[in-house]
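You will see chain A twice below: alongside chain B first, and alongside chain C after that.
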Partner chain A sequence: MSFVSVHFLIFTAICVAGYFIIPKKWQWIWLLLFSYLYYMAAGVRFLFFILFSTVVTYIGGLWAEKGYRSVVPLALVLDFGMLAAVKYTNFMVGNINGLFGTNLREFSLILPLGISFYTFQSAGYLLDVLWKRCKAERNPFRFALFISFFPQILQGPIGRMSRLAPQLYAEHTFDIRRLERGMLRIAWGYFKKMVIADNAALYVNVIFDNFDTMPGYGILGVLMYSAQLYADFSGGIDIVIGISDMLGIGLDENFRQPFFAVSITDFWHRWHITLGTWMKDYVFYPISLSGWMGRFGKFCRRKMNKDVGRALPICLANILVFLVVGIWHGPAWHYIVYGLYNGAIIAASGLLAKPYRKAKKALHISDGSRGFRVFQILRTFMLVNISWYFDRSGSIRQALVMMRDSILKFRFSSSVVSSDSTWAGSSAAVFLCVIFGMAVVFFVSVQKERKKDVAGAILSKPLPVRFVLLLALVLCLVLLGNRPLSVGGFIYANF
Partner chain B sequence: MDELIEILQDVQPDADYENCTTLIDDGILDSFAVLSIVSELEDQYDIRITPADIVPDNFNSAQAIYSMVKRLSGEEE
Partner chain C sequence: MRIFKRILTAALFVGILAAVSLTLDYLMIPYTFTRMKVHAVENNTYDDLILGSSHGATNIDPDVLGGITGRTTYNAAQGEEFPVDSYYLLKDACIANKPGRLIYEFDSTYWLSAQETDSSYALTYYSMRRSFTKMQYFYAKMWNADFRTWSAPWYFFRDRIYDIGTNLYVKGTDDYKDYGTGTFESDRQSVTDKGFIAIKNARWDDAVTVRPWTDDMIQKSDVAYFLRIVSYCKENDISLVVVTTPVPDDTYEAGKDNFDQAGFYMSALADQYGFTYANYNNDRLEGLDTTNAAYADYDGHMYEESAEAFSRVFGERLKTLEG
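Moving on to the complex of A and B:
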């Protein structure tokens, strides 16, 4: 059941209405019921995967709390083993065939709904129990809700037991202001998804799918992909947070104006935040503080200059983390390059931090200066866009060819905004929809960057003004949205 | 404590370690800086810091870091 469908809207409306009608002590059971209904709508056969993960993690958590620490690695192997089996088997088979000339048959595997997200959430829970950051949940059904809460299962945000679970199990009273705030957030999410992402997708698909026959449009393609990916993913998260807000459940934010980032490190603090913090807490720190990394660190500090010796092990751990991020994005080499590219830049900036600080001091460049900040934002935006070539292309070769052609064969002809059939239905109107949508998002982002509560400001306006604004958003969806309310999947739902 | 402030200054000079109590919450120390501090603390005080110790409460201020070092080295505060 796609988020962008009438079925989903009706499903959500019934869930929210019923949630506040039934006795409060049953609210969490109601959510569990709707979460499993949502999951089963994708296919009853997928139930096995989420039930397996739930049972393994539930038992693992209880045993870890009793002091059987070795059960945690076992549970993690089972959880991630299942994810790896469905997500990476064919990738391995393809690579073995390519390397050894064998003819092993690929399996017909469909990725179960949300498996990456609930596996990560499960793993985080196990480690939190092990490290005594939260208590193990004793009620298996309550625990099942923590793993399956339906709005977030498709594309996150990845929740933490200590913050999410108490809200899921609490009794909530109906609040009209929260309902309105949630609806506004949902409408904003649909605006991003339908007006920007699904319109930009037309350009992205044509340019990336025909990179060899229509070379030179790479810059337009990658800029459109920036708009599409951000609007698609953050729009989806807006819908998730909006629904949860209506139920009285506050989820962690997953985006914070990522295109205002001043470095790649800063970008990852603003983009897919819950994945970044998950990687930091459960992969980066454990690798960096492991025994073998500690010995490597001591060796580096003994043999090298103090600063380099201190930074090198951290850089290595960082590259390993981004290797995992790349593999998580998908079973393909171009995703691995995408991850390593990000990791290498962050590692280099860590290694060069001191000389960089000295150079800025020598050149009298202040971090607070407006001009330098604009330079940093533009530099980061360019570096991020280079990474998108690897993310969106079907292969490393395609990414490299498109980058080369973007410069050497640069084109931006008027046909881009015409009704030419080459552009698969794109036209001046579609182009302008994306530009208009991004202009609105940019304006809102600037306000948020200035720490202004945009939603709060709208909700404090008189009722007629609020009604007109919500109506304008809905009208935009109807008039400018690319797809009818029945199609349109989300990019990150495939991860 | 002075020795600790020196270590912090060396890793990340642009911070007010005497007064700031939101070093992590305000992003003054990022994960790179935290790990640099950890490696220095491990060398300097011969302690072992584990992933379970890397929580904002232990790194939000110089005092919090100092308390963690004392705790891990088995000394009374």
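Moving on to the complex of A and C:
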């Protein structure tokens, strides 16, 4: 059930309306019902996967709380094992065939809806119970709702038991302001998705799918991909958060103006935040605080420079974290390189922190200066864009060829922006739609970066102004938006 | 009371939005064959109804057919009409005027790819009168479509903003109000009041790619809706004749295997479900001009004269079937 379909809008409208009509004590049951209906709309056969994960995690949580700590690794193996089986089996088969010259047959596997997201949410819950950060949920149906809550199951944000569950089970009173706010957020999400992402996708697909026949357009392609990926993913999350808002449920934010980041570390604090914090809490800290890492740290400090010795274990933990991030993104080597690239930059910045500080001091560069901040933002933007080559390309070779050609064979046809152009199968209007959409997003992002509540400001305007603004936003979807290029439409829905 | 006022405000906003969208529909959606044909299907009387693709619209002349069979015939075939559209158009027709025979023109290329959500995607739906059939059609076609397809069909015509003046002029004419054919008259084509599109001259396309007909390419939904048409005809005592009109010789030679495979597939369905299938691609007729000169394009849309000649041949075949 695509977020842009008539079906989804009617489904959501019925869900929200019914939620506030039925007795409050049944609200969570209503949500559970709709979450499973949503899931079944993708295919009844997928039910097995989410039910398996729910049952395993539910039992694992209860037993962990009773003190049977060893059940948690077993539950994690089952949860991640199922994810690995459906997502990575063919990747392994392909690699074994490549390495040993065997001819093992690939399996016909279909990735169940949202499996990466609910597996991570389940694993987070198990570890939280184990580490006594939250209590195990005793009601299996309430727990099933925590795993399956329908707006977020497709592409996150990855929720935490301690923040999400109490809201899911609480009784909510109809609040027209939340409803308005939610609707505005949904419209904003559709604007990003339809006006920016779907238009930019035309350029991205042509350039990346024909990289060998039309070399030199890589920079345009990757910039368009930046716009597409951000607008697609954050737009989808806006819709998810908007729907939840209407129900009175506040989800964690997943984006915080990522393109204003001043470093790659900062970028990952602003981009896919819930995945970043999940990795930090459940991978980074366990690794960096583990006994073997402690011994490794002592060894490094003894054998090397004291600063390097202190930084090295953290660097190693970061590289491992981003290796997992790469694997999470998909069963392909280019995703793994994408993750390692990010990890390597963060690791390098940790190792070079001291000389970097010294260089800044020598050059009299102040961290607070506006010019330096702009430099940092541009530098980070460039580094992020390099990583997108690996993310979007179909192989590592393609990414490297495109990077090389972007510099050695750089081209930017003027026909891209000429009024009668049909370059790359799209018209100049499509290009201008992306530019217009990004300009609006940039303006809103600047306001948010200054801690201004843009939605609140709009909603506090007089009625006629609100009418005109919302009308303009909705008309933009129709007038400037492009059609989604694939069923389902959202990039992260495939993860 | 405050909540009531706010809900009223929200309703007002939705009302304004709907009014703006409807105004833009009126300004930007042109007068189409579809509007004319769906109106005729719903309001005219006929013994035979032709449904199918643009090949059916341009290659089968109902006047010629009727002259031979002695039955009134209406041609509601149109470009981008997929089996799902044909099925609901047939059901829509049967609300007020059940035809005695359905002539379904089968263009195999339609069954090889999913319908694109372009400007013709929803035109049949929008042209239909309100009915339970239309509700079923909504569920079949619009339910999973992008919400803009349903709420703002003018969205497909947004790049034709300069046509607003022409649209306004056309919509003010009696031809538009009477669902006439005059608007479609040009030096390239004309449309008869029986729904036949007569091509007078057109630019010849240089090349065509014939899609391979393989089992994995056949769209399951197209087959399913075609079989629904077959069942519906049986249940309602409507005789069914499926026809494939001939493509030019060069096109046929270029994709012979694929055309033959498609023909065998439909023949097998005809044997299994008991309807008549006339395949003029496999059975190339002696005496019928199927050289490039007889066609407006490589794809197989005939000129008016060729369509008349083909319709005579097909009409004789229909008469034989009646006999």
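Just so we're on the same page, the second predicted complex is superposed on the first by the 480 of 495 C-alpha atoms of A that agree within 3 Å, B and C clash if a C-alpha of one lies under 4 Å from a C-alpha of the other, contacts with A are read in each partner's own complex, and residues count from 1 in each chain.
Keep in mind that, in the parts below, contacts are C-beta pairs under 8 Å (C-beta built on N, C-alpha and C of every residue); 3 or more make two chains touch, one makes a residue touch a chain.
Quick caveat: nothing in here was measured; it's all calculated off a predicted structure.
Asks: Quick check on the chain A-based superposition: chain B and chain C, clash or fit?
Replies: Superposition result for chain B and chain C: fit.
Asks: Check the residue A:L477 against both partner chains and state whether it touches chain B (first), chain C (second), both, or neither.
Replies: A:L477: touches chain C, not chain B.
Asks: What is the contact status of A:F107 with respect to chain B (first) and chain C (second): first, second, both, or neither?
Replies: neither
Asks: With both complexes overlaid on chain A, does A:I176 touch chain B (first), chain C (second), both or neither?
Replies: The second partner, chain C, only.
Asks: Does chain B (first) or chain C (second) touch A:H7, or do both, or does neither?
Replies: Once the two structures are laid over each other on A, A:H7 reaches chain C alone.
Asks: Output check: A:R310 vs chain B and chain C. Expected answer is one of first, second, both, neither. What do you get?
Replies: A:R310: touches chain B, not chain C.
Asks: Going by the contact rule set out at the top, does A:Y68 touch chain B (first), chain C (second), both, or neither?
Replies: neither
Asks: Rounding in steps of 10 degrees, give the angle chain B-chain A-chain C taken between C-alpha centres.
Replies: 170
Asks: Would you check which partner chain A:A429 touches, where first means chain B only, second means chain C only, and both and neither mean what they say?
Replies: Once the two structures are laid over each other on A, A:A429 reaches chain C alone.
Asks: Let me test your reading of the model: by the given contact rule, A:L463 touches which partner, first (chain B), second (chain C), both or neither?
Replies: In the superposition, A:L463 touches chain C alone.
Asks: For the superposed model, what is the least distance in angstrom between any CA atom of chain B and any CA atom of chain C?
Replies: Here the least C-alpha separation of chain B and chain C stands at 38 Å.
Asks: Is there a shared patch on chain A that both chain B and chain C touch, and which residues make it up?
Replies: none
Asks: Under the definition above, what is the set of chain B residues touching chain A in their complex?
Replies: On the chain B side, the touching residues are 13, 27, 30-32, 35-36, 38-40, 42-43, 49-52, 54-55.
Asks: Given the complex with chain C, which residues does chain A contribute to the contact?
Replies: Within the complex, chain A touches chain C at residues 1-2, 4-9, 174, 176, 180, 427, 429, 463, 467, 470-471, 474-475, 477-479, 481, 483-484.
Asks: In the complex, go through chain A and note every residue touching chain B.
Replies: For chain A paired with chain B, touching residues are 127, 130-133, 265, 269, 280-281, 284-286, 288-289, 294, 297-298, 301, 310-311, 313-314, 317-318, 350, 353, 357.
Asks: Mind pulling up the chain C residues that touch chain A in the complex?
Replies: Checking each residue of chain C against chain A gives 3, 6-7, 9-10, 13, 16-17, 20-21, 117, 142-152, 154-155, 158-159.
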